[in-house]
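Quick notes on the structure that follows.
Just so it is clear, A, B and C label the chains in written order, and each chain counts residues from 1 on its own.
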Amino acid sequence: MTAPTLTTARPRPAAGRVGTATLVVATPLLFAALAASVVVAVTIGPADLTAGEVWRAIGSHLGLATSDLTAIRDGIVWELRLPRVLTAAAVGAGLAVSGAVMQALTRNPLADPYLLGLSSGASLGAVLVLLTGLSVSLTGAAFTGAMIAMVGTLLLARSLGVITPSRTVLAGLAISSFFGALTSLVVFWNTQGDSYRQILNWLLGSLAGADWGTVQVACLTLLLVGLPVILFGRVLDAFAFGDTAAAALGVNVSRTRWLLLGGTALLTGAMVSVSGSIGFVGLVLPNAVRLVVGSRHRLLLPYSALVGAIFMIWVDTGARTLFEPRELPVGIITVLVGAPVFVAVLLKNRERA
Amino acid sequence: MNPIRTARPRLLAALTVATLALPLAACGAEADDDTTTETAAGYPVTVDNCGTEVTFTAPPERVVTIKSTSTELMLALGLADRIVGTAFADGPVPEPWAEEAADLEVISDQAPSHEVVLEHEPDLVFAGWESNLAADTAGERDTLAKLGVNSYVSPAACMEPEYQPEKMTFPVLFDQFREAGRILGVPDAAEELIAEQEAALAEVGKAADGTTALWWSSGEDTPFVGGTIGAPQMVLDAVGLDNVVTEDATWTSLGWEAILDADPDVLVLVDATWNSAEDKIESLESNPATRELSAVKAERYLVIPFPAGEAGVRSVSAAADLADQLDDLGLLQRQ
Amino acid sequence: MTLQVHAITADVGGSRILDEVTFAAPAGRVTALVGPNGAGKSTLLRVLAGTQKAQGEVHFGGVDLLALPRRERARTLALVEQDVRSEFALTVRQAVELGRTPHQSTWSWGAERDDTAVDAAMERAGAAEFAARQLGTLSGGERQRVQLARALAQEPRLLLLDEPTNHLDVRAQLHTLTLLRELAATGLTVVAALHDLNLAAEFCDHVVVLARGRIEACGETTATLSAELIGSTYGVAADVLTHPRSGRPLIAFSR
């Protein structure tokens, strides 16, 4: 297997719009940016705490330092801010990756992770618990709702024949509408007093309820499901020219599709159950990353995860401090930021449309 | 769910002035046919209610009340026999009026529909929130007016900022009772009620100086709390509690971090069927951050039922109740 | 290696698309697969590529292609479909790199071997000159070359093409078929579905005629493509002449 003598002036391989060399430098930089974001975001908040006090408090829990904060102020750092920042990072990463995978599976850059009815199913579960006071964990109910909706979507798509991307999208639309209507019904029927505010927070997506439990759920899912999806996702590149081409390239099309779909559903379901239906992250971020990094999923997926995590940390920090002492649901800010970015993406792709 | 209600054009103002200029006998053209009482003194009465001009040419005899504050005000004014239906109660009617309330017809548990309200042929719909008078609930105000049905919203719940009092206080509340007495034709009963309430208010004890409090209405992740210019503040002032919330709003939503930072001495927990005080206590005590609050550690909770949290005839007794609870906690000033 | 197709029968959506199709395609030659629309040419190619289920046997170099595991099959043969487009922005080089998929394990990173194969494939197919361009900016002929390069990057021994000249201008058509002949000369077995009989006659030494899912005839081009055969297969009146310069059959149609 001797390589033929290549001409010296071989064109430099372009990976998207950035060369490989740029990527080699960019990757560790992004990781560093993520770490820095966590460390800095944790020091920001309405309570009057200096950065040093915050880091010492965290350090004291890790056995690395001593802190003289009162229990309550220590609680602000260790029980409120830190879990919230970590959950935000995990949720941002999870939603961005799910979005990228869904876009690849449906071959549609306008797909988002909620296509399979996941968010409307989760909303129904959450609203039922919030309004009827069932003594079930909110996260559990939301996740169950998400899974039921997803199964409904897949069954509906299957009943139309062989499952194809467009059938899945249509079925997802139908199921989302249905569950959305049920949710509205429950809300309309049951809302008393000011209970609607809690529901609104959930429906818009909020990280205000983050604690160490949500950190566990989000991070474990990211690790156990998200990471394999990211690594396995390079296979998605083979789908660039359609199913037949992918099959001809030796890819087990249906098994790949099911595995990735299942992984994405689990990932999205877990994130939604923890933070409500935060919009735009899964739709806009992969497109924005794609503009810079290109369409190869070997790069797109991990980069989407990193950028998604950093984005979410900062958007959530904004949600809890921009209007202090008030708090906004983070889903409002993601749309406020996401919509203009989305328009920019559409304009950019106008030539290609 | 209080959508902003649009203010009516001033056409009615012109009509009202014209009507007032005519001799009383000439304005007997009522849409409904209830003429059992002769035109009472003091009528016609015109009020600017949340931006809508409403004219009463006679005391309303058939009233539909929506929400507890309206129902309870009418009961307090001794007008149980004029109520043809109640709807959307926030909780059971409390003691002095509970027996009478039992006989009242309940039209609906939630906001009633237009038709259902009209079915009872009211001449007045007395609503607790502006959103009760919308197309998909009891009916829009001008639609009702065309059918000869007056509508009246508790002024404390007006949506437009120019109709909201700068700050809700008991004198403002009592003035609202006065206005209600005028339009219902029972100004004396209103004055009696006000005198009673003022006396009771004067008896209410005060918390020790500098005791801070948070009024937590609902919302577990992002608490919905009483601000500085609404009914919660009014009650807190009556018992001498300082609100840790500094925002100029009737109610507002706050992050837990801000609450932890303020560390109120006392927590006023609103007890509602959809979010009970017990639930709130449980979540406070199980959350590793909030259980460090001094009020939680010392179990300094004051409970107030939801209907008593809105400005109305229960506000004074709510204040008295809070004072009693403060006393139990040993936080009341010795008089 | 000769491609031996034996009694391939395929049902799609309840109808029998291919019925006991049997033929052989020799190595080192371009075999044309011709027939009217709906004859089953695309389906046959998909059966060979393994993306369509069928009964029967296909032997190639001593292996039963239909029984091969996916990845190994993708290393043995490559399919070039009609004008496929991608929704996503890829550069030419990235598109060609996809051809290395069957040679890469899921978890591995790019290898030197891959780069070499990709470079060679692009050179061979004439796509090297626009390696850095975006797919969406290419002309029909250029896209064709990219697809061909991708197929060659798979390092196949059997090359299948579905109507590779459909959307190309004359020059590009001739260029493509010349290229196929050159590839065949290096030892590849090439089977191309063509709708243009004259292109088939001029460039392909071997022809397989398919109609209504059945083999009408197969064999060496000059001997097989007769006016009667064309008449009965396509239902048109044709005359088979001899091209004045190349000596190949020239099929003429008249009103």
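Here, a contact is a pair of C-beta atoms (placed from the backbone, for glycine too) under 8 Å apart; a residue touches a chain by one contact, two chains touch by 3 or more.
A quick note: this is a predicted structure, and the numbers were derived from the prediction, not measured.
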Chains in contact with chain A and with chain C: which ones? none
By C-alpha centroids, what is the most central chain here? A
Expressed in whole Å, how far the mean CA point of chain A lies from that of chain B is 43
So how far apart, in whole Å, are chain B and chain C when each is placed at the average of its C-alpha atoms? 81
If you look only at chain A, which of its residues touch chain B in the complex? 45-48, 70-76, 79-81, 131, 133, 189-198, 201, 206, 208-209, 211-212, 320, 324-327, 329
Could you list, by residue number, the parts of chain A that touch chain C in their complex? 1, 3-4, 6, 10-16, 104, 107-109, 231-232, 234-235, 237-238, 240-245, 247-252, 290, 294-296, 352
Chain A-facing residues of chain B, complex: 1, 90, 110, 217-222, 224, 245-247, 251-258, 260-261, 263, 272-275, 279, 287-290, 292-294, 306
Where on chain C does chain A make contact in their complex? 46, 49-51, 70-75, 78-79, 81, 84-91, 93-95, 98-99, 101-102, 106-107, 112-113, 115-116, 119-120, 128, 131-132, 136, 154
